[in-house]
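Next come the structures, one after another.
What follows is a pair of complexes built around chain A, which joins chain B in one and chain C in the other.
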Partner chain A sequence: MEVNTGFSPIDIAVSGLRAGSKRMEVISSNVANARSTDNGNGEPYRRLEAVFKTDGDGLGGVILDEVAEDMSDFQRLLNPGHPDADEQGYVSMPNVKMPVEMMNLNVAARAYQANAAVLKRYQQMVETTLELLR
Partner chain B sequence: MINFNTNIGQGVPQAGSAGVGMTKGKTAGSKSGFADTVKAAREYISKVDDLQQSSDISIKDLLSGKNEDITSVVSAVAKADMSFKLLVGVRNKLIEGYKQTMNMPL
Partner chain C sequence: MSKTTSIVDIIEAGISAESLRQRVIANNVANLETAGYRRLDVRFEELLAKALNSSGGVDLGEIECGTYQTKNTPVKSNGNDVSLEVEVGEMVKNTLRHKALIRVLQKKYQQIDLAINVK
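Presenting the complex of A and B:
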């Protein structure tokens, strides 16, 4: 049984699992840096979003296209004592919104489960086929 | 889907219709016997062994920290597991056929 690469449901499901963990990585970075006012370039942390694309044309697994920055506005918070505050006393906070991240976390976890379910069910399908041999 | 391309069905006589993916490795004689099937199974064993070894290596790499991607281990193990199950199924069938032949009253 040759399991041909890039075509078999196993490889596709595994690529989905990989994409899921990458998405989890991005979300955890967003959550961890939700209060980071400095990203090293004098700007607050910018929310990241994982962008995926199909591997190959049409039928195939998924690969990470890029980790894009969310260019929406930073939140402004009045906190004059903060070292990163401007003249008016406002601090630019990251554009991470916790409820959105929590929703994305749920979606990512469910997508991961779905890929794992596909992998498992495919193995069961193959076993069903092999049952016919008996 | 999986490509069950291992000429294992060779020994089974087929009524007219040629099996899918069974053209490769067929011997010159049109009638292939039990021995050919066993030979094909032997070739398949080495393929299964390759998959088993690659899954072993990926597990070892994961445990020794060389590779941190657990999904590649999952895929290697799943492939090895599926191919091994097919091998065991075919082996059982082969032995069953052999036994039936041997028990034939002459």
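Presenting the complex of A and C:
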């Protein structure tokens, strides 16, 4: 028997919070690796992007779908002294763009705040109901 | 304990389950970074529902409220599956359930008080 479904707004808000922190994790990885010229496979670091999908049939909140790689081109920088430079002296740099990451960071932080606000408001709503029992 | 229909007994069982759950959540949060730790939860509502369905009253002795390891939780790289967000959500839910039960109990005592002090 299914019980405890009465607080589903809380579960949905929590799923949003978890999605927000995952997004933050991906952004911090991008920022930290903004100048990593070697990912171990002879390529520079590829920017990551967290992809989300709805959980269940629409009212189940959000769930991480995958952490996908951004396949856009690497930036090329002339730096002949660099150990990873090619014959022409160019180094492939990661396709991380700092302004984009900073903007995404703001969006992730605001989304996290919004989910926390939903959780708090729902908590207040239930407490209002409980006031009727006084 | 034999079958009971007393609302006070049932509320008491619920409140003690919530106290246990609050301790379990605190334990989960304390082990947020402990490698290999798996989060615990308290099984009570399912057992109460089962005890309620089989007969009219509730056999509270049948309910053994205990902890269990939750399944299907995403495990981090250090073998730990505690997420702070989930624990906060569980704690909010637990607090609301607790408040609801306390209010119902308070209401019940008000009724008893009314019956005693009727003039």
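Going forward, the second predicted complex is superposed on the first by the 128 of 134 C-alpha atoms of A that agree within 3 Å, B and C clash if a C-alpha of one lies under 4 Å from a C-alpha of the other, contacts with A are read in each partner's own complex, and residues count from 1 in each chain.
In the analysis below, contacts are C-beta pairs under 8 Å (C-beta built on N, C-alpha and C of every residue); 3 or more make two chains touch, one makes a residue touch a chain.
Values in this document were obtained by computation on a predicted structure and should not be read as measured data.
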After the alignment on chain A, I want to confirm one thing: do chain B and chain C clash, or do they fit together?
clash
Report for A:Ser8: first if it touches chain B alone, second if chain C alone, otherwise both or neither.
first
Check whether A:Ala85 is in contact with chain B, with chain C, with both or with neither, and answer first, second, both or neither.
neither
Which residues would you name on chain A as touching chain B in one complex and chain C in the other?
1, 3-4, 10-11, 14, 17-18, 21, 119, 123, 126-127, 130, 133-134
In the complex of these two chains, what residues of chain C are touching chain A?
45-46, 49-50, 53, 83, 85-86, 88-89, 92-93, 96, 99-100, 103-104, 106-107
Along chain B, where are the residues that touch chain A in the complex?
1-6, 47, 51, 69, 71-72, 74-75, 78-79, 81-83, 85-86, 89-90, 92-93
For chain A, which residues are in contact with chain B within the complex?
1-4, 8-11, 14, 17-18, 21, 119, 123, 126-127, 130, 133-134
Given the complex, residues on chain A that touch chain C span 1, 3-4, 7, 10-11, 13-14, 17-18, 21, 119, 123, 126-127, 130, 133-134
